[in-house]
Amino acid sequence: MPMLEIQHVSKFFGGLAANADVSFSMEGGMIMGRIGPNGAGKTTLFNCITGYYPPSKGEVMFKGVRLNGLQPDQVCRLGMVRTWQKVRPLAKMTVLDNVMVGALARTSSLAKARDVAHEQLHIVRLDHKDDHLAGGLPIGERKKLEVARVLATKPELLLLDEVMGGLNPAESEEIIQLILDLKRRGLTQMVIEHDMKAIMRISDRIVVLNSGEKLTEGNPQEVANHKDVIAAYLGERVE
Amino acid sequence: MTVFLQSMLSGLLVGGVYALIGVGLTIIFGVMRVINFAHGDLLMLGMYATWFIFTKSGLDPYVALLATAPLLFLWGAFLQKVFINRVLNALPQNQILLTIGLGLIMSNSMMLLFTSDYRILTTTYSSSSFDVGGLSVSQPLLYSFLITAAITGALFWFLSRTDTGQAIRATAQDREAAQLMGINVRWTSILAFGIGSALSGAAGTLIAPTYYIYPQVGSAFTLKAFVIVVLGGMGSIVGATLGGLIIGVTESLAAIYVASGLKELVVFVLFLALLLFRPSGLLGKSRA
Amino acid sequence: MTPSPLRPAHRGSSLAALLAFAAAVILLAIFPSFVKKPYVLHMGVMLFLAVIQGQAWNVIGGYTGQYSVGHSAFFGIGAYATMMLLEVNKIPPWWGIWAAMASAMILSLIIGSITFRLRGPYFVLASISVAEIIRLAALHFKGFTRGAEGFLLSSIPPLHLFGTEIEFFTKRSFYYVGLLLAVVTIAANWAVQHSKLGYYFQAIREDQDAAHSLGINLSFYKNVALAISAAFTAAAGGFFAMFVKFIDPNIAFGLDVSVQIVLICIVGGIGTIIGPVLGAMVLVPLSEILRNPRGLVQVGVLSADSGVVRFIETYLSNAHLLVFGILVVVVILFAPEGVLGVIRRIVGRSRRRRTAPDAAASPA
């Protein structure tokens, strides 16, 4: 059974269709990239999947469970978490406390949560800053913090929303290595990105959205050479 | 039936003054997104100013309006420039607390100056009424309603036909865009608070002949003003006008048909229902 | 671990804090053996009361970020429940107060279900409305609450404990009860802060949507916070009723009660355990001295014909609200982190920050 199934999902805001009849599925262990021009409805789909708001039409199935209408906290406990396009650190709390909040989704013991938090901070290489206030971190570290925080919830499926946005090449490379490392550890991931090179490198499959609709789906090579994809990006050739 | 009509009529007349208070508050919120908890205390200052002028010189309140409104305008502008301006970017909770503090200062200073004794301002027509088709129309209420209508009309004209007025509206719609277009948003904020205060003070002047005047009278009006503004839609002047009339009528009818002691409670229950089910109000832009 | 916007938390200091707290409690406990002047004990009781109110509010306001300006609803319920159970049903207050806390918790669940859908200023307005509705209802339904007439306490029965009889005529007994309640409330606060609840409450304060996506059931935890806050606020209300011996709807449910509760935390330092204590230490003496400057004479601080006493009596009687207003304005404009923030800034400056530059960067 596929881990995630998006079946004919549409989302309307008033008269505007932010997502129109989008369907695809994901197997466990894979990395799926989702790309599309701005306004293509990528974040909207994330919001629908994770329970921020329900889809207007269609079904979202996660490990065979119907997610429509569930609240974000319920979705998290089922094993799916997301990061935010615009980072959301818990500013007045320390880095360690931020990650502990994530860890507390799986345990009620502060001691265990602390251990899990240290582990995750180690994975993202932020452990030297564990007693710093989250609000004082530079953007690259805020993004890493957010990843550590969601990892602490022990997810099976991780949705990353433009996690490389605003990062310099060195920081982006760190994130790419992190994503590949997480894949090696068995985590399934869906990544929204604008950075085409990065997506090509990390994705097993790519879904292309345009104006809320699914344009095409395939492995990186297929997608890169798809004429509609090239057209949607205004003729930008992709390596 | 007469009771109903009578009640409706009194409610509408009082509602006119409520509308004035609401419009002032909604302008302040519209332009600065500040929830002004001292709004009722500005009204209280208007009442005291009117009473003071009346006691010292016998000047009729409706004439004194020409003095009290500008006075309150200047006071409001002062408050905005010195205090409110500093918290425009702070947490809304802190803004509310600041205005609560200012309100406390105003009401308690008046208490120290004038004591908590109830003052009354009795004019020759304070308790007179006209007879219109079997219904009794309170004279002072009618006069204040007419003056309110005139003020509201003048305000509409100002906001839609003058450059300054349009600058204010632009700032209310989109502060950053207005700034980019060369509008001095600091000035429009000062103006907005000044106008809002002047309107509140004017309302105080208008009701001075019919209400008890005491330092704590403001808080009831502040809360009522909020109900009106949320009902009409935060930032909508037409909405606040309608809201004021509706609340006036609701209170009046509730006094008759529910229980006199519960009429304010009914308004609050209505308020809660509004906040829950239609926070954008009747005509407001839906901003949380 | 108290998060501070100015400095990251120092875990090693909690043992020192605990010892300091224990020392303070012991000192306060033996205090009445040395100082017996009723005015001082009275001040002590009011101080403890303010600490309880402040700590209780902090749970929902400071940690969870939901600024209720309607906490008089819980305070008043506590006052009326305890008073009515004693006067009407002859139930002594040490039982009555439990009923008061329970009713407040039930009320908080109702209020929470109504108001927690709202955010920011709308929540503030809703909380005020609820308290006003209750106050107006208490004024109106005279058959039940005696309306504006209020309730006058006739007498509190003596408490038989461990073979001794504790009477409640003198301020001393109230002093000890107040101290006990304050200690319990502080301990409860500390326990919350160092538990999963504390982390979740703060997460909600910092970013509700992020918290939601991290597995936090927002309405459940907000309601838990409010219930805890309501219970302790009601306890304070019950204690207050027994101490001042007269309550009416305005004294119990008035907006100024709600405002004062918020002030205690804002002035002291919001979201911390020591904040409400500092706030109480500033606000209560100010308010009591202004209300009753003669008390200073009783204590011997000033002589009976002192100019200060006369000045306060002539010009500033009952001006405590004015002073509160000024304090709020000053604090919000110049010291939003309260007295605690000011102290920290002074200490920090004199200590020359030793952490790395980017750690000292001010948070968003």
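Things worth noting here:
Residue numbering begins at 1 within each chain, and the chains themselves are lettered A, B and C in the order written.
Basically, a residue touches a chain if its C-beta (ideal position, glycine included) is under 8 Å from a C-beta of that chain, and two chains touch if they have at least 3 such contacts.
All values reported here derive from a predicted model rather than from experimental measurement.
If you sketch which chains touch which, the chains link end to end in a single open path, with no loop closing it.
With centres taken as mean C-alpha coordinates, the chain found closest to the middle of all protein C-alpha atoms is C. Our note on geometry: chain A versus chain C, Cα centroid distance of 43 Å, whole angstroms. Centroid to centroid, with C-alpha atoms defining each point, chain B and chain C lie 33 Å apart. Each chain gets a centre from the mean of its Cα atoms; for chain A and chain B, those two points are 49 Å apart. In chain B, no residue reaches two or more other chains under the touch definition. The set of chain C residues touching two or more other chains is empty.
In the complex of the two chains, the chain B residues touching chain C come out as 35, 83, 86-87, 90, 92-98, 100-105, 107-109, 111-112, 219, 223, 226, 230, 259, 261-262, 264-265, 268-269, 271-272, 275-276, 279, 288. Listed in rising order, the residues of chain A touching chain C in the complex are 50, 52, 71-73, 75-77, 81-82, 84, 88-94, 97, 100-102, 104-105, 108, 110, 113, 129, 131-138, 149-150, 153. Looking at the complex, you find that chain C touches chain A at residues 1, 3, 5, 8-9, 194-196, 199-200, 202-203, 205-207, 209-218, 358-364. Those residues of chain C that touch chain B in the complex are listed here as 67, 69, 114-115, 117-122, 124-126, 128-130, 132-133, 136-137, 139-140, 255, 259, 262, 266, 315-316, 318-319, 321-322, 324-329, 332-333, 336.
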